[in-house]
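Heads up, the thing below is written out as structure tokens.
A, B, C, D, E and F are the chain letters, set down in written order, and residue numbers restart from 1 in every chain.
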Amino acid sequence: MDRMDILKLIKGSVESLNKEASVNFPYIQHYDKPLPSPIKIAEIIKLLRSIVFPGYFGDTHVRCDTLDYYTGVCLERLFDLLADEIHNGLCFDGHVDGCDMDKSLSNTLAAKFIEAIPEIKYLLSTDVKAIFDGDPAAKSYGEVIICYPSIRALLNHRIAHTLFKLGVPIIPRVISEMAHSETGIDIHPGARIGEYFAIDHGTGVVIGKTSIIGNHVKIYQGVTLGAKSFATDEEGALIDIPRHPILEDNVIIYSNTSVLGRITIGANSIIGGNVWLTQSVPPNSRILQQPSTQEKTICDRI
Amino acid sequence: MDRMDILKLIKGSVESLNKEASVNFPYIQHYDKPLPSPIKIAEIIKLLRSIVFPGYFGDTHVRCDTLDYYTGVCLERLFDLLADEIHNGLCFDGHVDGCDMDKSLSNTLAAKFIEAIPEIKYLLSTDVKAIFDGDPAAKSYGEVIICYPSIRALLNHRIAHTLFKLGVPIIPRVISEMAHSETGIDIHPGARIGEYFAIDHGTGVVIGKTSIIGNHVKIYQGVTLGAKSFATDEEGALIDIPRHPILEDNVIIYSNTSVLGRITIGANSIIGGNVWLTQSVPPNSRILQQPSTQEKTICDRI
Amino acid sequence: MDRMDILKLIKGSVESLNKEASVNFPYIQHYDKPLPSPIKIAEIIKLLRSIVFPGYFGDTHVRCDTLDYYTGVCLERLFDLLADEIHNGLCFDGHVDGCDMDKSLSNTLAAKFIEAIPEIKYLLSTDVKAIFDGDPAAKSYGEVIICYPSIRALLNHRIAHTLFKLGVPIIPRVISEMAHSETGIDIHPGARIGEYFAIDHGTGVVIGKTSIIGNHVKIYQGVTLGAKSFATDEEGALIDIPRHPILEDNVIIYSNTSVLGRITIGANSIIGGNVWLTQSVPPNSRILQQPSTQEKTICDRI
Amino acid sequence: MDRMDILKLIKGSVESLNKEASVNFPYIQHYDKPLPSPIKIAEIIKLLRSIVFPGYFGDTHVRCDTLDYYTGVCLERLFDLLADEIHNGLCFDGHVDGCDMDKSLSNTLAAKFIEAIPEIKYLLSTDVKAIFDGDPAAKSYGEVIICYPSIRALLNHRIAHTLFKLGVPIIPRVISEMAHSETGIDIHPGARIGEYFAIDHGTGVVIGKTSIIGNHVKIYQGVTLGAKSFATDEEGALIDIPRHPILEDNVIIYSNTSVLGRITIGANSIIGGNVWLTQSVPPNSRILQQPSTQEKTICDRI
Amino acid sequence: MDRMDILKLIKGSVESLNKEASVNFPYIQHYDKPLPSPIKIAEIIKLLRSIVFPGYFGDTHVRCDTLDYYTGVCLERLFDLLADEIHNGLCFDGHVDGCDMDKSLSNTLAAKFIEAIPEIKYLLSTDVKAIFDGDPAAKSYGEVIICYPSIRALLNHRIAHTLFKLGVPIIPRVISEMAHSETGIDIHPGARIGEYFAIDHGTGVVIGKTSIIGNHVKIYQGVTLGAKSFATDEEGALIDIPRHPILEDNVIIYSNTSVLGRITIGANSIIGGNVWLTQSVPPNSRILQQPSTQEKTICDRI
Amino acid sequence: MDRMDILKLIKGSVESLNKEASVNFPYIQHYDKPLPSPIKIAEIIKLLRSIVFPGYFGDTHVRCDTLDYYTGVCLERLFDLLADEIHNGLCFDGHVDGCDMDKSLSNTLAAKFIEAIPEIKYLLSTDVKAIFDGDPAAKSYGEVIICYPSIRALLNHRIAHTLFKLGVPIIPRVISEMAHSETGIDIHPGARIGEYFAIDHGTGVVIGKTSIIGNHVKIYQGVTLGAKSFATDEEGALIDIPRHPILEDNVIIYSNTSVLGRITIGANSIIGGNVWLTQSVPPNSRILQQPSTQEKTICDRI
């Protein structure tokens, strides 16, 4: 196989990959407009970590004395990045004709987001408290902020949810998937989550788009708040209606349990681990898995 | 403790770590040949993302007009990187005496891989369709490509499986572990997966080496297709025979269920969540977990 | 919305985020001392990978001939980085008045850690052996070192546990969370783990702080060794007492099982998958989930 | 000096640097629009090096087979970068109201530049020949391209001059200063330079804005083609008229000579080194410095 | 030559390079304390460019509205970096016993430098004006700031001179050599330079340590203000006394002229190019090189 | 101008640049083999700076205690990089058929270079001494090593000259041009330079290929040791014979002087600045420029 063969091969591949793409690969259409940039969105998240938890992220420390300067610089940079990415997101979603319109809408949305940051910070402050209170291994609020992946997942979620409510397309999903990849916690930006929310360990947690979670709720690793079935319209297409659980205040759900469908877990209920739950339960319920079977005989392998 | 003590300490550590390594740490032998490079393999994956999903990955947008140029450059770079890494992989596996042989075998294997890219793209195109059709939250094929971790995991798998079939050592496993780390989805390169395969959420999914999956199959987070037991040869060493499940067409398996052993899930079957299944089921089966127990009394803590 | 409005907005945000922080966000206090740096800690882990598994990590290969030079350089760099980070960690924990004290304590702790590296290497050597012996898909010890995420998680754990025993604050938790993010395996630095420990696949594994694991133990993905309840002191605060399981030698636990509370799994026991276990079992036990229910009727959806 | 003093100092400096800037530093007005980016312009030059001298720059080699792909990608990237930077340049120069106008002018100018690249390549091809023919130390055309700083300076000049003729503001000067910093050769973008131009060594060469240089001219290090005096308008402001020398074909000027004013050096003339020349000379002239004085006595130091 | 030979070679080289260093290479003693870091010093210069010329350097633009935030962040970062580097510099110079003393002296010096920045900015503002007024090719003050290498050289010099006056060791020289490498302009930090100083083109300019330059002086490329001879003490060692020229106000010196020794060029004097001047001249002087010789005959080569 | 026009333009440019290249641009032939890499060569220089001047370059400090480890690692890395680059250089020069031959020649040459490093270090040690003794502004040998560009230029030269003598093609020239770009000092790798060589300031210095410089020689900025004329063979091609000056021991040449042709400057001679010298001078000579003319009249401008 000499170099000429390789060239011929490459030319053939270019041909078959691009020329007949619309016929052969109908669900992968070439996209030729600017996309929201994962690198820029990652920078947005990094800036918000610095703004919300000053001094805890990044490799330099910022002193109280000059914190205002630092926050001001971060906020301006944040505004500019966010307005650009929102513009690209609107363009991706087809909201902007030809992606060439002015940026007044994206500027307005970015400004509304900036206004919401104190509310985001307040909610995260309650989450820090809830995690600290629920884990005897935690030594200080600061350790919770630095070490607990649930704080990173909730920071991303509370940002993504705010953008979701503002109607910003695609970007909230990118933000939630960044947290998913980093922490194994998959929260759809649409999920509504109250104050003092705690996730412990977190890997494998899934919280669906129409979930509603009250205050002071705690869940463990592997918990799914999912859909049980999908409604379809007359032509068989899936429709996007409420289909995920409602968790009232003070609910606790232990590890690897699945709660599915538009059911309600009443306040103060505790759901044990490894449970598959598809019906509503009243307040103050206790739900456990059936006891396991113990084999009495000894064998080499299961 | 002054600097001289530290020096003495370091000298002692060098001694005990290296000098007596073969005696003290028999399972960690120093490896002194070039290894397949994770950095280069990551670049290979990045190039293939650009080639298969033009315009969706990377931070620049590529226009239809000049897509051929762009694809050509990516393919040539891909060929060179891949041939080098395959060479290192063959060397790692002991196929190449002294790692100094010519590169004709690795060139040939890289060329065969290039020829297979359109097939990989076709399969991924069907996966995009399957995921979109299965999630009412998805707005467009483009959103699926950008946001869904299962697409990243399947891109890596379909690449790794192609290299696996070509007999390339070690590199397919590195590629599948890259997806595992990024998405929490762990698919062994040996697994055979049909068209229109959908994984939702995905964290915790494990698909073993000898699994066979039909067309139009869908699985959820935490599903394991594993081995139930391991066969051994006469001397007690494990042997690598078919030991993972076969899923026929149109099977759905819900979250956190484990399907173990060389069993067959018949076509059109649905397996509920949190199930532990070790026996074959006929087509059109419905399998659910036992109902949970509900405690009636209120207590402070489980 | 012109630029002046944006400025006004930013100024207002700086005000509300910083000025009233202690009132509005009581659990997020601005931290203005140097923090342990995640970037430096990542470099520490990278150096230790090179030292413990020479030739398997990094993009250059190191020859046996000159391995001593290479190890010596790595150890010295490691000592300096580690002493600095330990100092920052002590400062974070309030052990050091004003963070301005001399570094003799952190130097001493770093030196003790260096002394412990051969022991860490020995334990990892046994883990490599255990994983290789337990997976018929593994071709060589080298493949285990390069490809298996459990090796990365155990490297981090055995480092973190050593620092934990030396009383180094915060840094062990940062190290364990790094492995958690990369592998989905969450092992608290306090957990005591014996020789020849194998984790297969690993995503979703959680091992709590006071767990004790014997020799030759193997667990699969999604296994939790957790607490069943939390003890509180007289004022209702959680207290940090032994609350996680003890696994004796030769125990195997299959995927997605939760073992909770200060219970003992007797030697040579096998626990099946998807089990929720909260009581001790004697040696040589076999525990399985209840058999699943099979619906007989065909329906479109669960 | 404690931290509060430092804060006070910083606040005072911010005040004195920014608040009273227009009074205290009248010639440094804060510029708050996007500037042409040196980093982007450096990338433009790098792309043009690849396009004009394929295979000689960059760290990867490009094969003849696939050169078209590579050139196409480079040209598209070049077009996009250049159009953006031209837009910023027009904005800097005040050509664009508020920097918010559409980019049709900058697109047109970028396109005209692309059309001129073959001419630029032709001229550089003659420069390579001229340098090779004039230096017995040069072994091949390739060595000239890789090693001779004059090629880098002339590449930048021929690019900058083309943009200068198109009326692009500021960017040509940035490009020429990049070459100046890298090579010590300072050629104003306005200078008109013929074919087969050779500069040897080059450090200290200065070629003024209105210089005109014929074909087959060669100059050495330290040669200045400068202005002798500057004309002023009625109000004393300098005016930008022809004020630098004209060098006819086949002129050679040796090291460290200054040729000043709108004078003409006739064809085939040779000007020796270290000469200060302010008057025209006819064709075929030979100009040398006065012989030096030799002191006869021996002394310790001059 | 196999690998063992190479190892032997390397071991031998280590031996001969290090073991006998003090004997064989007496003027290169191994330095084992922290050095001032060129990378950190480059960052210091970059911060000062941003502070002094806001909006003209760096790749982001900063708006007037938020300039105070930006300047505050830059100044704090500058203070911290500078205090560290000054500490290293003092340590290099032997001012600090064992380099372990507290940092009060370096903090004080860094604070004094911060106080001097407005004065530095004022002087550079006059330099911008002088260069603009002296070059008909310059279109705006902004172009001068962005494109003229003399502004970069003077920024570095005015910083270095301020540190030099504060008695900071080594760092001023590093700063001046950075400008030398970038611009070819070599100004010793000790040189005293008045307001409205202009250097045109600049490559090859050398300004010695004890030079004194008045206001409104202009020099061209290749001008040397050097020493004519060096005084020695009784033991023959050079002594560091005033030995470079004094240029009074409004002096102009044209290209490649050398002015040597502790002589005075009187106010308003003009010195032509390529002159070698070692004696004082009175105010209002005009100095030119001897006219050149013109050969009448034609020959092929000089 | 819409996107289709731009595409057409790019396609046309690709055509005219590549298709007809051999006709239109005869002196720029596409080069499609691996080139010596400037990035790798820069790393080689950086390694050699660390080896020769331990502790003075790089951002980490290396302690005496562990210097051997550090030097060993640097030497091995150096050997590997150098052997690769020499191979590419031989290939560029046509010494290696098809660039596919084994690397035994390049390994041998790299090994010979390693053997020569102590000699290089010795010579640089004498250069440090010479520069220190000649500049009253220098405070210590360390300052000379860190701050003086001539040390960087001489390090590169003494490396390049060693490779030149070994017959390594192209790479020595790349190394000398790196120093030229950084320092403005242009020394051809062929030049033979004795011990204790000092260059002060250095910008604009040119030392030709066949120059021979004795011991204890000192030159200043802008000095050229060049050719006066070029010999040609019967067909008019330049031939590469000795054509640059010989400087005997203890010669000093002041700034901006040109010494041209195969002439000899006798031992202990001093040549003043701005001189143009084309004839040999005996030992102990003193050569000065003619005195300048002083105009008596006052005028506004020259």
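What we mean here is this: a contact is a pair of C-beta atoms (placed from the backbone, for glycine too) under 8 Å apart; a residue touches a chain by one contact, two chains touch by 3 or more.
Here the structure is a predicted model, which means the values were calculated and not measured.
S.K.: Chains shared as neighbours by chain D and chain F?
M.R.: B, E
S.K.: Chain F and chain E are one sequence twice: same or different residues at the contact, by the over-half rule?
M.R.: different
S.K.: Cα centroid separation between chain A and chain F, in whole Å?
M.R.: Chain centroid spacing, chain A to chain F, equals 57 Å.
S.K.: So the centre of each chain is just the mean of its C-alpha atoms; given that, what is the distance between chain D and chain E in Å?
M.R.: Chain centroid spacing, chain D to chain E, equals 23 Å.
S.K.: Mind checking the centre-to-centre distance between chain C and chain E? Centres are C-alpha means, answer in whole Å.
M.R.: Each chain's C-alpha centroid was found; their separation is 52 Å.
S.K.: Would you pick out the residues of chain E that each touch at least 2 other chains?
M.R.: Touching at least two other chains: 6, 10, 14, 63, 66, 68-69, 71-72, 76, 184, 203-204, 222, 230, 254, 256, 272, 274, 288-291, 301-302.
S.K.: In graph terms, with chains as vertices and touches as edges, which category applies: line, ring, star, complete, or other?
M.R.: Topology of the interface graph: other, matching no listed pattern.
S.K.: Can you list the chain F residues touching chain C in their complex?
M.R.: 60, 63, 66, 68-73, 76-77
S.K.: Residues of chain F touching chain B in their complex?
M.R.: 3-4, 6-7, 10, 14, 63, 65-66, 69
S.K.: What residues of chain C sit close enough to touch chain A in their complex?
M.R.: 1, 5-6, 9-11, 13-14, 16-18, 24-35, 37-39, 92-93, 169-170, 173-174, 177, 180-181, 184, 186, 188, 190, 203-204, 206, 209, 222, 224, 226, 230-231, 238-241, 243, 254, 256-258, 260, 270, 272, 274-277, 281, 284-291, 301-302
S.K.: In their complex, what parts of chain A are in touch with chain C?
M.R.: Touching chain C: residues 51-56, 59, 61-64, 67-68, 71-72, 75-76, 79, 104, 107-108, 111, 114-115, 117-118, 121-122, 124-126, 128-129, 132-137, 139, 141-143, 145-149, 182-184, 201, 203-204, 220-222, 228-230, 254-256, 272-274, 288-299, 301-302 of chain A.
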